Amino acid sequence: MKITDDHIAQSIEALRAIGREFHGRGWSLGTSSNYSIVLSRSPVRLLITASGKDKGRLSTDDFVIVDEWGKQVDGGPGAKPSAETLLHVVAARQPLIGSVLHTHSTWATCLSERYHSAGAMAIKGYEMLKGLEGIKTHDHTERIKIFENTQDIAALAAELQSLMQAGEPTLRFGFLLRRHGLYTWGRDCIEARRHVEIFEFLFEVIGRSLLLGNVPL
Amino acid sequence: MKITDDHIAQSIEALRAIGREFHGRGWSLGTSSNYSIVLSRSPVRLLITASGKDKGRLSTDDFVIVDEWGKQVDGGPGAKPSAETLLHVVAARQPLIGSVLHTHSTWATCLSERYHSAGAMAIKGYEMLKGLEGIKTHDHTERIKIFENTQDIAALAAELQSLMQAGEPTLRFGFLLRRHGLYTWGRDCIEARRHVEIFEFLFEVIGRSLLLGNVPL
Amino acid sequence: MKITDDHIAQSIEALRAIGREFHGRGWSLGTSSNYSIVLSRSPVRLLITASGKDKGRLSTDDFVIVDEWGKQVDGGPGAKPSAETLLHVVAARQPLIGSVLHTHSTWATCLSERYHSAGAMAIKGYEMLKGLEGIKTHDHTERIKIFENTQDIAALAAELQSLMQAGEPTLRFGFLLRRHGLYTWGRDCIEARRHVEIFEFLFEVIGRSLLLGNVPL
Amino acid sequence: MKITDDHIAQSIEALRAIGREFHGRGWSLGTSSNYSIVLSRSPVRLLITASGKDKGRLSTDDFVIVDEWGKQVDGGPGAKPSAETLLHVVAARQPLIGSVLHTHSTWATCLSERYHSAGAMAIKGYEMLKGLEGIKTHDHTERIKIFENTQDIAALAAELQSLMQAGEPTLRFGFLLRRHGLYTWGRDCIEARRHVEIFEFLFEVIGRSLLLGNVPL
């Protein structure tokens, strides 16, 4: 597949719009978060937000293009990939994943701490689960993996790669990093954005349910 | 009544505006929610959002028109009615219901769980109750039905039809589906939108009152 | 003082902007709330939102002008003053009150219930108190009156009139109606809007402080 | 360094945009908050919002320029510096501080009360800490100073000056005033705005974690 300039420009505009919306909702404050779109599969080319950029005000220069090892092959002046690019690359190696969105919300941060010791967070019995691609009924339990946070992204990426290749069921739609945030993905950035909205909704429901003393699971 | 193209176009614009607003408030995240407007009564024609569309970014093609059995008679290319269309149709059979709005909020989800075992949620003594059409005083208790969530929409629609025909008082303004969301309605989409705002406000008040230890009912 | 058309038009635009903002923040959902501006003092002429209008989408016709007894002397086609107009009129009889804003927020509703039995809510020791006109230090306790909610607005207006004439200190900046909302005022609608923001901020702080177990007073 | 009119105009526009955003998020309600930018260092010239202005609607006249003692040297008609200007001046004497942003949020107000007796608030182990300039790992504890609130700004400014000169580690990125709000800063207003977002995010996380019963520290 040849990557055209139009394809890149449209992908950049899609991620800029996602950035404005998520920053507005408080899911990508500071210069947190990274968003990516697979531009081609052979060779692998991933468009990803550059390190340290304000997601609410992304310019067209705030992106880089990396290969299947996360090595930069193109990008705006001064734009560099962040260390976490490797996690996007690992996810994007799966054939059905065309976009990866990483966000930082207050509820994801709080719940990743609360459920970390269990290794995963279970989300059970909510209609909104049907917003995750392929889930056909609310009568379902989705378990989302929680990794310990780390600055050794290479080691985490290797562990993620190994678990995803083995078909780890708690990695079907994404994962949480403890006290850090959410990674989720989809066939394209529209599906990935929907998955962010679904998870953030469910995290808020579970957080409020815990406060109300409902049994949330 | 003849349905004109202008009537359809205006109805579509009204529902698109509602979608942008409710998505912004977090009441219609992911591709959740469905909105409908009665276009005519003989024959019954209902304009309704198509299945699986993003309510914050509805295009003019993201709608279908269905008959009194929920069968599609028109719609944008590739647009299909969702299974829940039947619930809109059942409500719209009532002569005074001209629009049905279904939303998913975090508070509605939490409270539908909390009060589900009682079969209904009581809302008592709030001035905002007067925003429900025909309620003239805060000194009123409105009980809103809570159904168990289900994927068997046909069975739920039959139960709803039977209860509404019998004049079930907890179905005067709408109902909750457990761990799912709110259905409410009005003479037109302006009244229905107002009812959504009123219920969502009251759900948040009751949720916060529970957390504060006020006796909310 | 002669009321010019320009004066009326500017006052209408100011209240429409306030409506859009407060509706957006969730302080004027449904068709709740009423906003007024004193147009002249002799004779008394008060511009006020008409009954039952959506405050987020006020048109230029959604206003009426009333006299010192709340009797309508002008207004858009079909526009009628609401019953609560009398409370605005009573407040506006005070020489330093040029605008009255009535809002419905979730925190005001919850806290008016919690502190109702004490007859007033005390707000003590917050820097934001200095946003209330004339308060020069955070080392201050402002007590805001809480009335029982009622549909007998004439009786409430008479009680309010009597208390304000007697210089009741808990009515310096406004009052709460139990399970209903806030009335506040200022020299003009800019000061009144500031007072709404200050009170809503402080209500949220006190609500969250109660949840956190801080001693808020 | 010569201060050009363009430099002043751009700085004013940057602070107006910050005001619109922070007011929208509820961090600068009423006429609370003050924002400043260092225009030059010799002589010291600080552009700062004038006293009592609405931060959501700052006009180009709502600013003053002060010298290293906080004395006004220029400004819009009728614009005066607020008493708290001195705190901005003290911070801006540090060579690496080019902008100071003071905000009032509900969570900052609540947490400054809760942790006041400890003299500082510890923020530990969150990925978002890396949004504070120079923090390279989540495995970090940042302690932010909490001062008792006061109206004697001169005395507080002297204490702040003394502590900052002594390299007080809890003043690296800013401080809290009890029941009042946050001061934070950065090399420029972009970095300072990022620090506001980071602190506000972390305050909300810690507030919610306390409510959830997580051990947040």
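For the reader, a short list of remarks on this structure follows.
In this document, chain identifiers A, B, C and D correspond to the written order of the chains, with residue numbering beginning at 1 in each.
Basically, a contact is a pair of C-beta atoms (placed from the backbone, for glycine too) under 8 Å apart; a residue touches a chain by one contact, two chains touch by 3 or more.
The structure displayed is predicted, hence computed values, not measured ones.
Chain A and chain D have Cα centroids separated by 32 Å. If you average the Cα atoms of chain B and of chain D, the two centres end up 45 Å apart. Annotation for chain D: residues 211 touch two or more other chains. Taken chain by chain, the contacts form a single closed ring in which each chain touches exactly two others. Every pair of chains that touch is listed here: A-B, A-D, B-C, C-D. If you check the complex, the residues on chain B that touch chain C are 125-128, 131, 136-139, 190, 194, 197-198, 200-201, 204-205, 208-209, 211-212, 214. The touching residues of chain B, when paired with chain A in their complex, are 26, 29-32, 54, 104, 106-107, 109-110, 113-114, 149, 151, 177, 179-181, 207, 210-211.
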